[in-house]
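Each chain carries a letter (A, B, C, D and E) given by its place in the written order, and its residues are counted from 1.
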């Protein structure tokens, strides 16, 4: 089975490990992620002002591409891309006037009808592949490690695009249980990592990382699992800065859920891109 | 000013009864100079300068935590965006792109940079 | 009857006369067909004004009167009374509203006058065809039904019973007492809830005028005001209460433990149980859902140990019918489930509890004997957070209304906690403190001044557990500082919601519920204890969240409404009801479908179906008349012909 | 339609919309005198025949006003009204009468302002639509 | 005194009313025995001039069927009115406008366009339509005027009695004739049929549920109709409740719902409006609080051509009489 896949900028650079692990895992499950032709930047953050239409053109154009290439759904890995594309899609379908205007902004593209479904890989794994089927393919026992699932913001909020309950999500836990790993009840799994403030307000991100990673460790986690390249960066790379400020701080690996899936399903570790992880998840790599 | 914010954000700021739940749950509140509920308060009582000059609107990372919990259904994320835009549309940048160190530029992910520019520069 | 109508145009001082040229109205109406007299006067409702009408009726032999004045809501009764004093049937008098609907809302004198003339003409048209009517008399069964045996139902039942009338009290649980029986002490006096409630429960149980059906539900209701027939389901208790002496051996030996509803799940009860030691009646029931015998077909230990042979597993639900004249609905409340508050853990954390659970922890008869221990590890909590407005005042996600009692009981909780754990630290999170009852504000002041309860103004955003402590992400909106508060236990002031069964009950009773599921009163100010269905009254939290004094007051008010009814020989009913012309009715049955009161039914006469009107039940809405496909039914004094003539008159 | 003042017949139920019109008076709100209220006990007393009769006798618009759904004084009369008005609108359209000339509004006793705004908007709309000019007995077509 | 003189005339109608006279079967002989038929163009060779020479009131009863749609029909109706003591509007078309009255949803030009130009089987390249006057080679040819609006008989001339139905059922006809012959005439303007709705005599009236509610609307061809059960209870629009009885339940017995040909009962001014009122108010009654306005609209939209359905036989007799031009 083929599914159109929208990568977004970071999946092609810092988060190549997210992409390659996802590709490997999906291949193993019998699915091919087909990269969308001529995709463009989603805009990263969804524009929230009532009079700002132009920033919705970019995400919609990506959905037009899906149509042009004969698809009716597109999957993303990056939570930010997911959120931006999906919010733009929801908006497009709610406002006829805006819809016509956006279409008139398109040049050579066909008119968009609002009929492409924007999915995140987690929901594809649940609804298309099925957690049961994934569980059947598990070859490596991982019951010795405890995982802190971390959702971040953009898969759960706002409610119009949420893939799960904003306060008590469970989709990642369900996936992890299907893989045979134990999860901790992690209250900070839906707390913001500080996101792009990592550029201009590092202090904020350091505070967030200190708290989020600290609590995960307190609660006994061996590794944090994320679904967003920016969360991953903030929670992992910024640990170095945290350590500078709080010397007693102990580091914790932060990986993508697809990497953990890869390990469980028996993808050779070297194909899961762990070289891009700054803090190596030794517990997984030494299996 | 409040009307402009209401127009841009499509949120009824008069509905806010200042319970503070937005501020209580805000992950970024520690770095803010005024609290999210106070942003609305200052607009309600007609002190827009407090809001336009605050750091809070720039620290807000659009995580939507306040929005999903607000008992009065105010999407504060959009309110913050509206106020940012009022500033940015005067061509006032919050950050100077030139001043971002090479170090940062090469280390942070692309999405962080694009998002930062989108949110903090005109 | 040849119409001889008199039209009396009121100036209402300048209220009408300044905008409407009353003289012109008089002139214009003088020649109108059917009108034999018209005149104006400065205050028609004054004594001389009324006298004027009375004398003109006599002088001019008027057989119909139109008073062009203010809204009929104000003086219809007045003028109908006036005309009846000189022998004119009151229903031959109508009001033309030329004040609220004309002089007060218009400014153009010329046009307002023209409009006033049209209004008067239309009312003249109506009066022309008005019949002389008499109010309809309905007999009353002087027995009352009270649904719900909480404090509201108990108070209402006792008031009516003490006045000498019989009361049927239906309670769905095995015992009466309701939520009040669960409370520890009550604000603001801190007297023990059970001490003041149990004597009343016993009184109900022993009252010769009260027939108590506990463990029973209202199954169906028919009839109408003064003459209801109620079908009551007596749920099988599997215990023959006439044989049971209440020794309790069965409960001791029963092997099945389930969470106790009365103790809010803080402890367990058996599958055969009495909800609490002071229950009235103090007889056990078997909970069929959980009983091992009903689940597996084996056990029957209770049967074996009962020396009185009171256990009867083959018992079935039974039905009884009772005739009553009035009904009081007092079905009470429940707490909004913690499960719905995801950000506070959604019920995941054992030590995040609701107010009723804390009442049980404080109660001397509760599972801890009144010692405050937290549920997870029975540790005495040293810091307790009390959070108000949980689910209340939250139109976006939960309930829009204020639950009214939380501010007070959380204050009480904080205070009682302080009494039980003197070195404990209670922290109350609030948005606004609502302490509007007698002695309430003083109570809150005492909690702050004397008991040093910390009040923090700000709504908690999130609660989570960390290392056996609960962390509250909060804010002090008064200092403008975010807070992270760590406590041992959290008590949530959950929103009060109506008992879930009330929706079905309201349908059976044909009474209305509001957007939030509470029962709707007939008028928010002037008829706060009546429903729109005559003969059915409200008391307590079924109507809206309220505290005990308000509940008791409303219960007594409802009882006095019932007694007011019972003090009359028979009931009077507005005669503007539907009528059927049997010579035209084809028995199609559309009217039966349309009637909201069950006042229309089909009767078979000489083998033919014909519709009937039960005049006592008919409230005169007219829906069946507009819907009658054959024009076979009419509304008294609002006949099709009258309305058509009125339409024509206003468009002349 | 210079100078055209539409005529409106407003059927108001006694409990909500009539009371709202009363309150408009008590509050001294100002409305144009284009309408006359006919009081019925419930909006469900309004027979579609009355509405046609009104059009026939020169009304340019007919307002039927009742309690809000769920708030009907007579439990559920207004649901009947809603259905009748909706179906009648379709029939009116087929009969060449713009269905906007028949307006159904839920106006609670407290909503005096809504009553005023409803009339104002209705008058404006009818001014746009122009006079209906249906006269009693007119068969609407010269037979010669 | 000789036998009473009867006249029959046929205006805008299908002719079924003429035939129904023959449905009296052998009873027609009794009638013929007792009366003189002085005018009956469909059966007997009398001409207009034969009537014209009669004295006022010379005819005892004129039975006129059909609606008034042309100037000729109007003239004939007026002529017969002049000469007849009593005029009986015979059948639905004369009484209510009937099926021809459905033309009042259009105007003459639409009708001509359709009939003479647009119907697929018509070849009329020059677009010729009937003209009132055509001059050709110095000769003037005339046709009666085709009116824009179809009228009922009583909108053209005063009518004394009505015999409803499409066509009137033989027993009602016979009854009427006997009443006339006996001279036991009711008040003028009376409809010579029972004044109860059809449900009264409908064999399915018993099968109505206590609460009649239409959850879904079906057209007769879309379902297999239970031949015992009330049509409305099956979701099929039946105008029985809003239609006079006396027809002999002919449609019902053929398992088809009533379409209203007998017209409304005497207390109803507008059959269509009443039909709107009763049908609308029983739509989805048991869930009425739960149904959204959109859902109600959907249900209502399932009634195809409501005006045509509810005014099938009575548009010209309705309050509004026709579609507004």
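Basically, contacts are C-beta pairs under 8 Å (C-beta built on N, C-alpha and C of every residue); 3 or more make two chains touch, one makes a residue touch a chain.
Since we're looking at a predicted model, the values are computed, not measured.
Here the chain-to-chain distance from chain C to chain D, counted in touching steps, is 1. Steps from chain A to chain B, minimised over paths through touching chains, total 1.
The greatest centre-to-centre gap from chain B, using C-alpha centroids, is found for E. Note on chain placement: the centre of chain C and the centre of chain E lie 54 Å apart, centres being C-alpha means. With centres taken as mean Cα positions, chain D sits 56 Å from chain A. Computed from the mean C-alpha positions, the centre of chain B lies at a distance of 46 Å from the centre of chain C.
The centroid of the Cα atoms in chain A and the matching centroid in chain E are 72 Å apart. For chain A, the set of residues touching two or more other chains reads 166-167.
Among the residues of chain E, those in touch with two or more other chains are 268-269, 274, 277, 281. Residues of chain B found to touch two or more other chains are 30, 65. Which chains touch which is summed up as A-B, A-C, B-C, C-D, C-E, D-E. Looking at the complex, you find that chain C touches chain A at residues 342-343, 346, 348, 462, 464-467, 471. Residues of chain B that touch chain A in their complex: 7-10, 27-28, 30-31, 59, 61-65, 67-68, 75, 77-78, 81-82, 85, 94-95, 100, 104, 107-116, 118-120.
Chain C contributes residues 71-73, 97, 99-102, 104-108, 111-112, 114-115, 118-119, 122, 510, 512, 514-515, 520, 532-533, 576, 594, 596-597, 619-623, 625-627, 635, 638, 640, 643-644, 646-648, 650-651 to its touches with chain D in the complex. Against chain D, the residues of chain E that register as touching in their complex are 71, 74, 105, 107, 145, 147-149, 151, 155, 268-270, 272-274, 276-277, 279-281, 283, 288-289, 293, 296-297, 300, 303, 305-308, 310, 316, 318-325.
Against chain C, the residues of chain A that register as touching in their complex are 165-168, 185, 187-188, 215, 218-219.
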